[in-house]
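Got some structures for you, see below.
Below, chain A partners chain B and then partners chain C, in two separate complexes.
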Partner chain A sequence: MRPLAEVGAGIRLQSALVARTPAQLLVLVTAPLFSVIFLSLAVHGGAASRVASAMIAPGLMSMWLISLDVAASVLSEDRYGGRLELFLSTPASLSLVVLGRILAVSVVGMLAFAESWLVARVAFGVTVPVHHPAMVVLALAVTVLASSFTATLLASAFVLSRSLHVYQNAMSYPIYILGGVVVPLSALPGWVDPLSKVVYLSWCAELLRNSFTATRVPEAGLDVAMALGLGVLALGIAVLLTRHILDMLRRNATAGLG
Partner chain B sequence: MSALRVSPVEVTRQSAIFAVEEMRATHTWRTYLFGWLLRLILQTTFFSLAAGYFGTRVTKQYALVGNAIVLGCLESMIVVLMMAGERATGTLPLLATAPTSHVPIYLGRGLHWMASGMLSSTVALVVLPPLLGVPLPWPRAAVALPLIPLVCVTSYCYGCVLGAVGLRHMGIIWLLLNLGYLPIMAFCGVNVPVSFWPWPLRAIAEIMPVTHGLMAVRAVLAGSSAPAVLGDVGLEAAVGIGWLCLACFALSRIVRRGIAAGTLEFGN
Partner chain C sequence: MLAVDVQDLTRRYAKTRRTPEVIALDQVTVQVKQGEVHGLLGPNGAGKTTLVKIISTVLLPTSGSVRVLGHDVAHEARAIRELVGVVFGGERGLYTRVSARRNLHFWGALYGLRGAELASRSSALLERVGLADHAGVPVETFSRGMKQRLHLARGLIHEPKVMFLDEPTSGMDPVAALEFRGLIRELQAEGRSILLATHDMAEAQSLCGSVTLIDHGKVILSDQTATAARVLGVRECVDFELSDDEGLIAALRGQPFVASVEQRAAGDGQWRVVPCESTGIRQVFGWLLERDVLSARRAEPSLEEVYLRLVGSRGLSL
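Entry: the complex of A and B
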């Protein structure tokens, strides 16, 4: 139960922080505008059958943006604010607390999908039918979990970086392309495929797209397994990396030198 | 006092030196090329691929040109963050008592990003079309390249107005930046023609940066007559002048009100 308690502590902490600084949820303001852009492209291009892709893309982009944003700030700010030393003196797993903090924001970030659906309905008069509601819920849950697991790894990787905002910035659009958030991998050049297979977002995007559009969802089990598998792998690496970094900070007595 | 007055040329020179040094402190050439510039190029690629997926080769090229040009707008608008950063350092009360106006100092705070925007747009417009299979009509397309600085300057003036708002509300500068450029990407002819939108949005697009400059670029690429291109160029310049006047007014007002209320040192 202790791991769950640690994740829960992270969720409570981040929820309190977000309530005071809602700027962390900036993506909920920008997502509708991205929806407008993609939906206008779909409607103007006469691609009625592809409107679902235009609708889910801002949600997927928001999940990744939130992951990057929180990952870049959570540990770095703790270090800068002198809180990392306090963590070092507790028996709790820092990775799990960080995971809880990221989960708290990611779950709220899911509202971007609802916003996008509303933009399609209200602004463009397009209703995207949900062919497999249960599958959509499963796909959203998998996306949130995989995003949060991956962001936990990024948070560890970013903590010692002096140019974390450079990396944070550089990791947005490449992942949107490789993750097939708008354009499915089948419509991209073949050499992109092997790279995309190791990006969790590509499996989430495929699962979500099929949940909205396909009469039956092909290979849903594989999509779920790969998205979660890649996420769990990232979390495992995050735990090991964080342990290594904390040991290093202890040895060098540099925890407070943010 | 006249002996103390600093010439606008000197202010501009110091601003340029400051801009270069700040860029050097922000990026090495590696992080700039492989982090920042590559990210922007991929942004244009992403939206072009999306346009091609939803439409045709023609819509793909349309979005590619629009998203290449809008990079300059995006980067120029980083002045919003730069102005807020300047105020956060506490220089505004000092500038209010200095022998020169604070307005040109603040207006010059994001010049390096505007220059970077010109470079990014140019690189995207030259490099991406052949790579994405929608080549531009060279050598005619070369005439469109000098229009990029115009779009960047106009966007910069618009960004300065938002930056002035950000000086009073420092907590929402990221919101201002995002809500400043995303509507331009959505409604100003970047991805779909302005005529796609209902008239209220079309009317707003008329006074936004990028709209007319991008029309001029597209007119050049389509081989339109010089008067048609120059008409759009004139409108883009007029829009920029309008935003610049507004920026100067807003920046002056902040100091006047700050002195009157005794809140010049505070961002909020």
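Entry: the complex of A and C
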């Protein structure tokens, strides 16, 4: 089970790095502020039915943001730190190690959901009931995995970029919009809908919202399958793309820039 | 089977908008026998690091053949990566915010090590390179020498059969460098094959059984270290010490069996006589002893002198 060991190596390394650099989790500080904004709009804007969505949105945004942040920095830092060249001399799969590193922070990113739930309770006096606890756990696990798989693909694409923070910023709000996180997809123009279907976050958001609110979770299986399917597809492309990029770096002698 | 077999290797760096095409290695042939320490010598920019990177599968060759323990670098990179350990010089390449032990655990896991085996190997290596007392300390607090020793431990974590060391003692203080060389001798004694890229001639002379000298991407010397000087056509010579006797030096220069008398770079009063013929060495000894110069001893030009003779004329230019 060497692939799992490589993912595990990435998780342990990133956990140790985060312990030494807690600023990587800064998003957990800003998430409650987003919760205040969204919950204010829901509670005081007369949209009480949307409280659960308002509580979930900061969690989803934080998880994507934290995954994206690691994805953008992990390979470029290794490249400029002279570690990518050493990595090339090992038999390990770079994609799987990167996946492990992203997973380590994505899991911690789940705390943003708890923060948001507490903000609703403490600041607004609203308790969001959990109708399907098991489904919520499953939805969170699927969201963590799909976010990490997708971010791994972006990490591969970012490695060649010298303006990665520009791309990193550009990859945040479009995903929130297409994922129906900030504004419900039903409120957006019709042409957005087909695009949102290929964004894993839209399926995760749907699954989470239904887990908190619906008395029964309609099409939960489809939501899980689509979120994971899109994530696995992204990971598969990441593995192939990384292989291609590393071959290119070996050909062009650009693995060790910096 | 050779540990490393490089045949007619050429590596070009393609022309870019800002740089012309560069031929980093031009028809290079190098062979490293199993169990041998082979020195790869040359000035900065000669192509040493490019060669080490190609052999360690970090770079692809443009043309030619490179085999490590029989495996081709272009088509069997994964097999090679399991067998070789790479130590690049300098302080880069480590995760400096985490501990030495965490670094070894991470790199070891990439070679499929885990659990108790990984933990025990890491501890043993940290002990071996003298970092056991600093195992839990963040690497960013380490001196350059300590980082270099950690690099060596990292390169050894999977117990490779072949090691590529690229200027591993660069920037180390003399004591640390001496200790590091001791470690390299131990590795050789364990049967590992080592390719050592360096421009420290004393290091190469003390560690390497054979050497290859590269300049401008071309091999200009490849020989056993002990006999490398002979490629210059330089014969055995006589070294002696003599201060403040210009007359005797002038008289020696005038002898028919003497080709040259030169002051050595080693210091004032250190001289080297090269006889005209190999048999002239007896006459040189006899002549000096008759004049009470008792410090005379047989010598061959050192590797450093060979190096300086072959590439020294370029000064600071690349």
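Just so we're on the same page, the second predicted complex is superposed on the first by the 256 of 258 C-alpha atoms of A that agree within 3 Å, B and C clash if a C-alpha of one lies under 4 Å from a C-alpha of the other, contacts with A are read in each partner's own complex, and residues count from 1 in each chain.
Definition applied: a contact is a pair of C-beta atoms (placed from the backbone, for glycine too) under 8 Å apart; a residue touches a chain by one contact, two chains touch by 3 or more.
For clarity, every value in this text was computed on a predicted model and none was experimentally measured.
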| item | value |
| --- | --- |
| Fit or clash between chain C and chain B when superposed on chain A | fit |
| Contacts of A:37 with chain B and chain C, given as first, second, both or neither | first |
| First, second, both or neither for A:17, with chain B first and chain C second | second |
| Touched partner set for A:176, first chain B, second chain C, both or neither | first |
| Chain B versus chain C as contact partner of A:188, first or second or both or neither | first |
| Touching partner for A:87 - first (chain B), second (chain C), both, neither | second |
| Which of chain B and chain C A:253 touches, first, second, both or neither | second |
| Overlay on chain A, chain C to chain B nearest C-alpha distance, Å | 14 |
| Chain A positions touched by chain B in one structure and by chain C in the second | none |
| Chain A-facing residues of chain C, complex | 13-14, 50, 53, 56-60, 78, 81-82, 84, 86, 88, 90, 92-95, 97-99, 102, 105-107, 109-112, 114, 138, 154 |
| In the complex with chain B, residue positions of chain A that touch it | 23, 26, 29-30, 33-34, 36-38, 40-42, 44-47, 50, 53-54, 57, 163, 166-167, 169-170, 172-174, 176-177, 182-184, 187-188 |
| Chain B - residues contacting chain A, complex | 27, 31, 34-36, 38-39, 42-43, 45-47, 49-56, 59, 63, 171-172, 174-175, 178-179, 182-183, 185-187, 191-193, 196 |
| Complex contact set, residues of chain A against chain C | 2, 5-6, 8-9, 12-13, 16-17, 20-21, 81-83, 85-92, 97, 247, 250-253, 255-256 |
